[in-house]
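Sharing a structure, written as structure tokens. Questions coming.
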Amino acid sequence: MTPARLRDLLARVADGKLDAESALEELRELPFSDIGAALVDAHREIRTGIPEVVFGERKTVDQIVDIVGTLRRHGQSALVTRLDAKAAADVVARIDGAKYDASARVLQAGPSLAPPTTDARVAVITAGTADLPVADEAAATLGFLGVEALRIDDCGVAGLHRLLAHLSRIRSARVAIVIAGMEGALPSVVGGLVAFPVIAVPTSVGYGASFGGLAALLAMMNSCAAGVTVVNIDNGFGAAVAATLILRGGVRRADV
Amino acid sequence: MTPARLRDLLARVADGKLDAESALEELRELPFSDIGAALVDAHREIRTGIPEVVFGERKTVDQIVDIVGTLRRHGQSALVTRLDAKAAADVVARIDGAKYDASARVLQAGPSLAPPTTDARVAVITAGTADLPVADEAAATLGFLGVEALRIDDCGVAGLHRLLAHLSRIRSARVAIVIAGMEGALPSVVGGLVAFPVIAVPTSVGYGASFGGLAALLAMMNSCAAGVTVVNIDNGFGAAVAATLILRGGVRRADV
Amino acid sequence: MTPARLRDLLARVADGKLDAESALEELRELPFSDIGAALVDAHREIRTGIPEVVFGERKTVDQIVDIVGTLRRHGQSALVTRLDAKAAADVVARIDGAKYDASARVLQAGPSLAPPTTDARVAVITAGTADLPVADEAAATLGFLGVEALRIDDCGVAGLHRLLAHLSRIRSARVAIVIAGMEGALPSVVGGLVAFPVIAVPTSVGYGASFGGLAALLAMMNSCAAGVTVVNIDNGFGAAVAATLILRGGVRRADV
Amino acid sequence: MTPARLRDLLARVADGKLDAESALEELRELPFSDIGAALVDAHREIRTGIPEVVFGERKTVDQIVDIVGTLRRHGQSALVTRLDAKAAADVVARIDGAKYDASARVLQAGPSLAPPTTDARVAVITAGTADLPVADEAAATLGFLGVEALRIDDCGVAGLHRLLAHLSRIRSARVAIVIAGMEGALPSVVGGLVAFPVIAVPTSVGYGASFGGLAALLAMMNSCAAGVTVVNIDNGFGAAVAATLILRGGVRRADV
Amino acid sequence: MTPARLRDLLARVADGKLDAESALEELRELPFSDIGAALVDAHREIRTGIPEVVFGERKTVDQIVDIVGTLRRHGQSALVTRLDAKAAADVVARIDGAKYDASARVLQAGPSLAPPTTDARVAVITAGTADLPVADEAAATLGFLGVEALRIDDCGVAGLHRLLAHLSRIRSARVAIVIAGMEGALPSVVGGLVAFPVIAVPTSVGYGASFGGLAALLAMMNSCAAGVTVVNIDNGFGAAVAATLILRGGVRRADV
Amino acid sequence: MTPARLRDLLARVADGKLDAESALEELRELPFSDIGAALVDAHREIRTGIPEVVFGERKTVDQIVDIVGTLRRHGQSALVTRLDAKAAADVVARIDGAKYDASARVLQAGPSLAPPTTDARVAVITAGTADLPVADEAAATLGFLGVEALRIDDCGVAGLHRLLAHLSRIRSARVAIVIAGMEGALPSVVGGLVAFPVIAVPTSVGYGASFGGLAALLAMMNSCAAGVTVVNIDNGFGAAVAATLILRGGVRRADV
Amino acid sequence: MTPARLRDLLARVADGKLDAESALEELRELPFSDIGAALVDAHREIRTGIPEVVFGERKTVDQIVDIVGTLRRHGQSALVTRLDAKAAADVVARIDGAKYDASARVLQAGPSLAPPTTDARVAVITAGTADLPVADEAAATLGFLGVEALRIDDCGVAGLHRLLAHLSRIRSARVAIVIAGMEGALPSVVGGLVAFPVIAVPTSVGYGASFGGLAALLAMMNSCAAGVTVVNIDNGFGAAVAATLILRGGVRRADV
Amino acid sequence: MTPARLRDLLARVADGKLDAESALEELRELPFSDIGAALVDAHREIRTGIPEVVFGERKTVDQIVDIVGTLRRHGQSALVTRLDAKAAADVVARIDGAKYDASARVLQAGPSLAPPTTDARVAVITAGTADLPVADEAAATLGFLGVEALRIDDCGVAGLHRLLAHLSRIRSARVAIVIAGMEGALPSVVGGLVAFPVIAVPTSVGYGASFGGLAALLAMMNSCAAGVTVVNIDNGFGAAVAATLILRGGVRRADV
């Protein structure tokens, strides 16, 4: 039974019969038959190295305050994405130390994670100024996860030298998040110029036959630059998480 | 003849042989009714400056031989597009002097049009070698229309220097036909580098989420390079006609 | 400057102060790295003959005033498209001499470009009165670029004589921008009647199965009139730029 | 018969031979239960005035011979649509007097219906020669239903005078079936020129962004010519049935 | 007039007063040039038997008042469709005798057309109460065109007896307009029960995978009941025009 | 009554007062024509075991009060779905005992149905908290139909142990309604873990390439877990009805 | 550890300390941490009550023979779906007692499951004869699962009496699988007539705007008959599994 | 060289030998003009760390032999993807040492790249056996790039324990490529269980509403597991390149 197994496991750790790393490995498996619901929240970070982030859309202020408050009481920081300004004002008023980034539509409560054991940076590149909110969401998420973002804006493919002028800065990064709406061509161009992973983020910027970002999404899926991968339309958050996992090199952070 | 018929009509009204209501009925038809079927083919060239071109798909060899033969007997050259190799062989065997371009899938019978009164050229640029048949169709059509094509191949955006290495050659043209499948980004890049019209041709090259060229088509429609216009997927022929009309500067050829 | 940097680089290699590998790294960057950010705006016009135009959607009034102000200080005129009336009022109040066209949703600051060295005109033809705002955007853009527009409205294909009555006027132009929503048939009809390039603009006018202009867009892509090219839904601006480039005959304007 | 059954049912309830629940169960069936299966085949023609027509696709030769043979034995004529040439040859060999129209892909066994009590005709108009098989299916169906077709071919909107030259012939009809692929514009133009119903048939003729006829279908649904109605892609048969019902003026044929 | 012009033209060529090239230019215009713009407005009714109807969407009150006022001054009645209540109130205040039907969103000014020379009626059948506004638009249009509508509502296929209970009334009509959203099945069922034309109108009623009426539209295009034709989503107006043309039997009204 | 009418009909035929052709005409109508409008509502429950439920969208308050009032006067309970809060307040004020569930957007008037003769429960499982309103609609409908719901929330597949922790509770049910937006994967996972029917409900929760629930819908249609069936996007009501029919085992309730 | 847990469990069962039912419950949970790959196949049946069925498409004959052979050696029967005739002939030649149903494209090896403890039947209803192969797949799967199918074919909604004539037979079932292509209306009609669950199967029967079954799928998703659920296009197999689970009433079969 | 050219240019301007306009023309070319075409092939590997890979589709055997032969003569290895078996046999016969993997449809000539300076592995996980060819393409590409693949097959979400049984092996990798067709749910589940990047590959496995892999693609784009990125349908090659770039940690390989 789980309680027995858990008690036994911890006893063996205490007795020095089992080293912590092996115990951790076992604990990771544990939930699949016997874990209590109470352990769920903490577990995500253990499994994936990324804390649970709250998707703010379609949630009431009360629900958000409740979730963030609970996380804060357990000593965890909280990130809420896609939160509109009006709801954010209410949450900020009720949660100590909560800060809201209006362009990114992201609210953070509590300190950011410790940085990874690398000074590598993530380039966050946009095609146009209308793509900035998505880049801001990516940057806010990276900041929360302890990762440094290198911002390079307004480099659309119709004015190549703007991109080329920043090439050495871009190449100083280890991952690039490339954000573009309309025809979504920028990730292909960047992907052909760098030797590291490119995460493409289509945006809903455009009109008419952009169909809310579908044109950019399809373009990015069909990139002729091998090695470009794609996330959902306007999903700066997801791109930032993927970039962070890449930077960490598949090694879980030391502090979790 | 129209004038005769009109004169006759009015004479009969004046003479009381035709009542007003019947005359009204005939007058309603008048502006449209007196172009004989025999004038149809010649008229298109008179109106638009481009001779009628035969779309070869879904036509039998007999139908094609019939149309081409008729045009040749009236002293006109003929171009047949989208003709498969097997049908083309039959047509070539039955029409004097017909020549078939297997990659372009285009058959020409009779001499090309006289060149326009300009030495301007049309750049025909492809992103990848799989786009060549579409470029060949464009080039064969340009040739038929008396226009010189400047071919530049395999310049996809994932390898920018291939494009940039050809930039001065491209800039020596006066119109560019830019042909790309997959993410369809090349027209945007070219459109940002030249001072003349760019006609984008999406191709069905790709797989999966390219959806038969839809991804490239949407990307090109959403090009951030103002001044790029688009034709149908794989439509090298249409792009060549548009480019020819542009080169002519809106002036009909001297010989029609 | 590039030459200086290059000279310095090679000197250091010759002197043994720089090893070959580091020089290789710098050479890799070279072709792209030395265009200063300050040159960007001017460069677009040099390259493409069309000044940068500001896409007003998703930009704040502050951002627009900032961009337009900068362009004006450098002696350049500015055009802002897709600007709603409320934002436009604010911009007009803060930028000297800015004028707003409410139907076109276009704001211009500074004089229009000098006209091209031709008296050729661009016909701007609409199918219905609901298409007027798109035609107005095209006309405002043409005006900014120094090109004369010939307006012909409400010529939908269900009433052919309206179109035919204007045929000689249409034929007096050298390029036609043909704007239609719903079934998008007008460009095919016009394309079959004129000897110059036709740029088709699908509009979002319609309902139900028009799917925001998709029906018109697809119809225009499939036009049986060879030589018709297409721009994005409601993109009067893009059509005007393409028409201007065509009028110029691929020759850059004398004054740039 | 229902009355008998009903009378019996109520009698049994009154006599206590049938409990209320069972009676309820039978009453539930009542509204629907008394159409005998034996009446079904004859019934379609009685109800709708159109005999059952066999859709040949996905049926084996045996199945088709079986159905057609049964109809013939009951003295009815049979029409089979969408039958490929190979299957048709087998059916013709096994059914007396069956005739196959290879272009229309339609097989008829037995005489056509008696003509309606009107000399009105149905105009069958095509945009291009590639649309002919659909027109042939419509004409073969009209012939089977005893209706005279007036064929007018190759009148695409890019060459308006071809259409206009036939206008008085078209106006001599009472219904028009207008068949077009590609941009599907012809029904709008015809609908604006005639005073009777226009049935539009999109065809799968085209390539690229025609998406198998979807472009033409959407265009026709959005026709700016009020009064145009649309049937499925390539559905010449359905258009012919609709046209026949219109010609009959909503009156069932005298002989059924 | 054309004859005069033609006569004059040829005379001048013969006399050497006109060179061949200029004559050619004039001849090019000939087939289309002689329909005066002044005849256009009256012409639609002459050509198609249906007066011009104003599509109210995207038009300002001033534009609508202007058009309706002009028609009234010429003694013609006017119908405006898709007019919202607020704009309608303004128009009613400014046009004598204008009446607005809020559910149909249709405004009529002036008397309805004289009825056709038949007492035949058009059945207007809806699947659910949410489809009523579309039926109201159809009925208001029929009323304007002098045709009697037979209204039968709320007969969705999930409760067949509701439909079947009205069957004899439905069969007393000569055309049916069948209006349904969601799965759009009603026209197939009606089409299998009647011997006259069925015009199907898909509506945008539904949610989720109805995709704004696309599900119903596709279902109706694929109806297994031959003879069903389809108009655009929510297009009650177009269905009414088609039904009127059918009722008239292809004969123009006596009074035009 | 039908029998009376039938008896009368046959009597008149026997007496020679009615000719055979007229009798045939009436007999054709018979099976369908004699259900009075007053029976419609009651009949649905008799046929399908589910009372008529009012779809609140696009209905006015007056219409809803009218329908609900009529049902109440006949002693039937009423359920109104998709009713917004503002309209609901008005209805509650006018209908005795009506109760509104704001999250489910469901209004009930009158008592719930008697429970089925089983203690089996329906598990209602959601992937995320944003899916709760759809689950609430399902639960409110189940409650109205007398069925007990077992609620299990926030079990998305990215945190499997949340689901696995509830597995024995889930297995205590006899049917599962599984509700998920975004990638819609939860029904496949549940379907692989239980031995009873799973009804999948895609929701419109998501953004970008979720296309209003289309992504989840397609995923569920393609579930690799055999036995999963799907209802429309956000259709908690339909899922509850299907689950109730399943629980009843195809046996109509004792009380109808 | 699982092995320990298993040993302990069995010992306690042998000692009479644990009853078999409780042991079974524990064993059902077992696989989630420690089960070997060799146990996978048997487990699915334990969990879901449905044995693993082999999807034949894209598998080689060798792969299929291997899987089926393994299952047979473990004493299990095997069902292979979507197997083409040529591959089936090879499999039949190599597996003892394998039988192939060519219309259903289903191969069975070994006896069918024991029937459920009910005499309830599943109605399998098709709209047209072209839908028969899908119905055959459903029936073959039901047969394999020990369930009796009640076949009712060719009941499309354009000929309602065909359906109504079978209504009492249909009502004798406890679940209905309703299969239709084209407009997919049949499930709505059946769903409004019966008091038990309806599983709708869209088929790819149709052409043009049926888009491979999409039209029918969307129609079924939007059914106005509450309680209809839908499976993938042409998925007769999945519908049969769902129907079987419904018939079993959520109780696992006695023999597993 | 650029410096020379620049120096020369300016000298000639100063000396009056070159007018300003010509100098302007040359300066316009400057930023892009100095990458020699001869460097192109080698350059891709220098820029991106990945050698050029030949896309075999739509290429003739001659074209492939030509490209591969050239690369081999320059001492480079070559990889050709999407090459069908027949063409591959011809290439193998003409290129020394070329080897073809028929399931992956990949041909390799020359040795694989040296492994990266890490023993990290890439997990390649499939949902079903029909997904194997895509996994084989990924594995063949990884092999070519010197990276070790850890293959784990047939872990679809409908049988979770198959996946869970392999969890510790999966966790021993540093990147996962997760390949699934049908509902595409596997990447979400894996993404919730591991602490490293997950690259999702939708496949075209499925039928009906899978629409050639679109269902899986959309599901993966909407994954609720943050950090999942997606490549094109069936694009095992692209996933392998992305995984390799991630493994390398953004550092170019030592040997280029």
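Labels A, B, C, D, E, F, G and H are assigned to the chains in the order they are written; within every chain, residues are numbered from 1.
Convention: contacts are C-beta pairs under 8 Å (C-beta built on N, C-alpha and C of every residue); 3 or more make two chains touch, one makes a residue touch a chain.
Note that the structure is predicted; figures quoted are calculated from it, not measured.
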From the listed D-E, B-D or A-B, the one duplicating F-G with over half its contact pairs the same is D-E
Comparing C-D with G-H, the busier interface by C-beta pairs is C-D
Can you compute the centre-to-centre distance for chain D and chain F, using the mean CA position of each chain? Integer Å is fine.
37
Report the inter-chain centroid distance for chain E and chain H in whole angstrom, where each centroid is the mean of the CA atoms.
56
In chain D, what residues contact two or more other chains?
31-33, 35, 44, 47, 128, 159-161, 164, 191-193, 208-210, 214, 217, 221-222, 225-226, 232-233
In their shared complex, chain F is touched by residues of chain E numbered 128-130, 159, 161-165, 167-168, 205, 207-210
Applying the document's contact rule, which stretches of chain C touch chain B when the two form their complex?
31, 44, 47-50, 53, 120, 161, 164, 173-175, 191-197, 199, 217, 221-222, 225-233, 237-239, 241-242, 244-246, 248-252
Using the touch rule from the top, collect the residues of chain D that touch chain G in their complex.
29, 32-33, 35-37, 39-40, 43-44, 55, 57-59, 63, 82, 202, 204, 212-214, 217, 232-235
The answer for chain G against chain E in the complex is residues 127-128, 156-160, 181-185, 188-189, 191-193, 206, 208-211, 214-216, 218-226
